[in-house]
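In the two complexes that follow, chain A is the common piece, with chain B as its partner first and chain C second.
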Partner chain A sequence: MSNLELFDEDLLDNPSARVPVCLVLDTSYSMSGKPIDELNRGVKMFMEEVLADEMASLSAEIAIVTFGGGVQKEVEFASIEKQTVPYLTTSGNTPMGEAVNLALDMLEARKKTYASLGISYYQPWMVLMTDGAPTDDISIAARRTSDLINNKKLTIFPIGIGDKAHMETLQQFSPKLPPVRLKGLHFKEFFMWLSQSITMKSRSTPGEDIKALPINPWADLSL
Partner chain B sequence: MSTWKQASAFVVGRSHIKEELPCQDRTVCSEVEGIFMIALADGAGSAKKSDVGAEAALQTLTAYIGEHYDELIAKDPVEISGELLKVVLTRLTELAEEQEQSLGEFSSTLLFAAVKDEIYLAGHLGDGLIAVEKEEGLGTLSYPENGEYANSTYFTTSKDAASHLRIYKGELDEIQAFFLMSDGTTETMHRKQDDTLAPALKVISGWFDEHPVETLTDALHKNLENVIRQRTMDDCSMAIMKRMK
Partner chain C sequence: MEITDLIQNYIVFVDTSSWMYPEGTKFLQQEFPAALHSHQKKVRISGKVIEEVNKHIKGDDKKRAEEAKVAAKLLNQYHTHKILDIYQDPDDPFQDQAILAMFMKYRTKFHLAMITQDRNFARDIEDLNEQGSVKSSKIIKVFYLDREGRLQPWVKGVKQHELDRKKRETATNPASRPLKMQENIHRLPLGTKVETGLDTVIPVSYFPKEGESVRTQKYGELTLVKEIGSGGEGSVFLTSNGMICKIYTQITKARIEKLKLMLKIPFEKKGICWPKDFATNSKGEYIGYVMDKAEGKVMQTSMFHKKLLQKNFPHWTRSSLVELAINILDKVLYLHERNIIIGDINPFNIMIKDSNDVYLVDTDSYQIVNYPCPVGTINFTPPETQGMRYHEYLRTFKHEYFAVATLVFMILMPGKTPYAHQGGGTPGEDIKKMEFPYPFGDYRGNAPDGVWRYIWSHFTYALKKRFYQVFSENNRLTTAEWVSVLEEYRRKIKLGHTNDEIWPTSSKIADDDAAHVTCSKCNTPFIMHINKKRDLDADGKSYICNSCLMIMKVTKVAKNEAAAAKQTAPRQRPTMRPATQRPRAMSSTWTPSSTRTTSSTRPASSTRVTPPPRAQQRQKQNNQQSTGLFGIIKKFLGI
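Then we have the complex of A and B:
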């Protein structure tokens, strides 16, 4: 059998299929103090967890957009080993509509980059987190996310933080999944869930339905 | 009459080993009265009986082509795809009823190549790849058809599956070998960025000139298990036939 063996040089490599994930995070002034500290810890742990997983680290591509005062591109899409964990600070009001529009534009551009490089990709994910109500017009952004979701081109996870989070607004972005309120400041539990979900997604093959992981570690499920 | 040597193998993927799931890829080689056929099916990920569906699809498909080759080859591709899929779906529906499962549980992709004398008939539904070898080198006969996303493709039970079953037929025109592979194997045999086929196909083709079918089948199995599977999480399979001089 010794002459019937294939070697590495006989084979080719393809880049891993990518899972683009955009975090759209509220950093308005009301997030000051413990909420922003916990959010920073959660984001750091999230990026470390993704990096630690063999498959997820090759597949996940993370971008972070914040809305507080203005809208900032905190982290651009790239492979995770090239990224640094941002330190988020709070400021001003809540331009959520502008932030979601920017995130959608970034996801679209990233998909075009994948296509031009012959890289396969999974349906993009967006996480939208807020502790209040928007201070700008969200109608165009909400229509865009709803159209994409209804056409199976986006999955959105709308998360409310604290009692003042305007869940009805979050619902407008998400025609399928209802918004969920975070249990206390359980950002770490949420981001752990998100990294595990990305790992499962990055291993999925055609025809495989990914069963959603239980959300009770981080979701306030009380009525 | 031309003679073709055939060999195939399938191995369970690393993620299915971890989840204690069976291999959902299946392959078949057959010869019916001078018609040489190879076929391959990759069962849908979450479908509970997709290994059974893949096997049944292949057995039904190759038996039907063996019996109706001359009639099929005279028809146009749209008729052929409709007819073949109807036969496969009839069998899968019977199975679903027998086993009290929904039809979708028996979903798989479908790849096949059949040769009689100097004429070939091939078909491809879903992902995976069909390559051919000619005197001038390797070429791709049929590319994977995914949806927009990496984890989407077309299966035997998909809506409008017949319109996605791509049929290829014609004179062999110096085709010396056919290679069918599932998407797990395609990851290391075809580079999407520059549309290049791996030198491994040429290496394997060389083995066919020197070794009997049993040795080839064993070698395919060992290489899928020890080399190709190590570069993917997915099930891996190949079915190959080469013309003997």
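Then we have the complex of A and C:
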């Protein structure tokens, strides 16, 4: 479960500033069936798109945490070349708070890794997706993300899936950007947008912070 | 003054500009050498003259190259006849300054004379006469060669015939006009205030697409053969005559006015993809412009990672990097001489075919008089303008020189930004703090680990000093000064005084200090500094090579990272995973001598990330950013 023996030479050789991106995905039982299939497809496409872009593949580093039954590190931070696409399955309840806390710990630890080796980085991005409501206490996690966001140390994209997604909960994690409900099961469109945004981020970057989440093909306009 | 008087009583210097002045050849070929010879005197030049002449011979400008060849021939003749002395201070690449310093030093002992066509340089030397602190009976004189090849005195930076003309003009026109600069370079006025109020969008009835055509005045009707890139501003097409056409998504008054201004500037420089003509649609409405085609690959994605550089330019050595930098700066200098500030210098706007064949693209964003460069990137923005909105202010040369230095640094340290350091943060924060991490003099620094330290250690003292001066002391060099520094560095590499490797595997160790040892981890022989060996021996410690040390460090860092973000309890995997996707455990071994181990100790599906097939198609010819589905989004995101 750890990569203690994994030597990632890119940490020494790759001069690009990194953008750590953590996907925090709901894999509770309610996601079974078509939703989890679409999510898997979206994640796969996302990782392939990032790898395909010459610049994003050198800048973006991806980690994936899932919450369904327990909390799982599905993909740990590494250069995208070395990663494998996870196959996500569903199970149990929705420990969202614990998942967000783990994701924040991972992001923090990754930043420490960058700093100790002299690698520049941009403040991390977190994508939080759920189709329901948390089954654990989210207050600490929500306070942590809010503080980071207010200090410009994190950008969060809170995404609701389907009618039962508890948007008020998502809102608690995100003092700046309002949560957006995904249009149907348009995960692919969302992840396409995300990889494009990362590509832009890794290129010309007039500003370091995200200003607004635009209306786009994956968001439900009826929100 | 008679030429005989001059050479008998003065120490005479001749500057590059006069050696290369076509109308001066007669004087320099006949009258002058004859006089020197008969009085057994010598003319003096600085070493920079030779460097500059050679540079022009190899340069892109054909006319200058011809002039330089004539000058080279002259200099060789002078040398053969022993009527030439060359002064070079090897530690000071700025020979202009060196000559000034020499004039300062000897002005109390000798009469000194300089022959130059360069107005500013002439003025600098003339000014020495007026520095009252030194009482001197000696004289400094400055001359130029006129169109008939006659020696004429400069008078406070003004030529004799200009004075004559001024007198005539004053006689005929009492409201005397100011003197016009008598130079070939068309210098724009520097901007004073951002042009505003021109953001109104001009309605356009139709924007042509791929397969359709545009009209130009100079090149007639052109078909848009193929779209080769697109971004937030518009799309770029290859046209039927081989030129490139950029078509905007939106036309504003400011856009048109700026282009009009740019098209008026006489501009001929290979490698700068300057607008050549407006493009209009069938109704004659402005929709974009045409320019020459850039060749090669985008700098950022072709050389800013070891594996990319080795793939794209396998024959390159460190000299190639230096040559590349010189070639790019040559173009930057051409712009700077015309008071054009690039603004958005960055490795996405530079295309490289080879180290001596480079192209600057996206020139329509350059700052022209009061039209700002509306874009930029954090890495190339100086500390004092970090966070300012690019379209709201006019950049200065001082801002630009920060970007120039950053570019030079990132070329010589392929891809590494100057301020990335241990304990650092985001690029913008690091720049604002100005903590340049590389050691210089007594300053130790906290440089990034690995190859970056080794590269730095092999830089010449002069190069380190200049980087330190810019990034630590905030004392920026001009583009011309950087060219001198780089030419000197290239010379040192050619002479074998410093390493020609792009990625040295260890810090610089002089032969006398080298101890040959074997790594206790991977059994590879390597060279260690003798003092370090002594220390290790004294402590009874074993020798470990740099690559093993790095592996140990990265492994330790990875261990700390894993420990800091532990997942509470691994859950049982459910059994919903289809048989075909059964997790495959991959073994992992750490082999210190290998450069790469691919492993994952965590069960993972067998789907390795592979790029989709269109990855290759995405390799854009221009640096235009891809729109894909979400091109517009960038505008909202402001990224």
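Definition applied: the second predicted complex is superposed on the first by the 196 of 223 C-alpha atoms of A that agree within 3 Å, B and C clash if a C-alpha of one lies under 4 Å from a C-alpha of the other, contacts with A are read in each partner's own complex, and residues count from 1 in each chain.
We take it that a residue touches a chain if its C-beta (ideal position, glycine included) is under 8 Å from a C-beta of that chain, and two chains touch if they have at least 3 such contacts.
What you are looking at is a predicted structure, and each value in this text was computed from that prediction instead of being measured.
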item: Partner chain(s) touched by A:122 [first = chain B, second = chain C, both, neither]; value: both
item: Partner chain in contact with A:108 - chain B first, chain C second, else both or neither; value: second
item: Which superposed partner A:98 touches (first chain B, second chain C, both, neither); value: second
item: Contacts of A:13 with chain B and chain C, given as first, second, both or neither; value: both
item: Touched partner set for A:55, first chain B, second chain C, both or neither; value: both
item: If touched residues of chain A are counted for chain B and for chain C, the larger one; value: C
item: Footprint overlap on chain A, comparing chain B with chain C; value: 1, 4-7, 9, 11-15, 17, 55, 117-123, 201, 203-209
item: For the chain A and chain B complex, residues of the former touching the latter; value: 1, 4-7, 9-15, 17, 55, 117-123, 153, 201, 203-209
item: Of chain B, residues touching chain A in the complex; value: 15, 42-47, 50, 107, 109, 126-127, 146, 148-153, 155, 183, 187-194, 196-200, 203-204, 207, 211, 215, 218-219, 222-223, 227-228, 231, 233-234
item: Interface residues, chain C side, partner chain A - complex; value: 300-301, 304-308, 344, 346, 348, 375-379, 389-390, 413-417, 419-428, 430, 437, 446-452, 550-551, 553-555, 557-562, 564-571, 573-574, 576-577, 581, 588-590, 595-602, 604-612, 614-615, 618-619, 625-626, 628-630, 632-634, 636-639
item: Complex contacts: residues of chain A adjacent to chain C; value: 1-9, 11-17, 44-45, 47-49, 51-55, 58, 69-73, 76-77, 80-87, 89-91, 98, 102, 105-106, 108-110, 112-113, 115-123, 189, 192-193, 196-197, 199-201, 203-214, 216-217
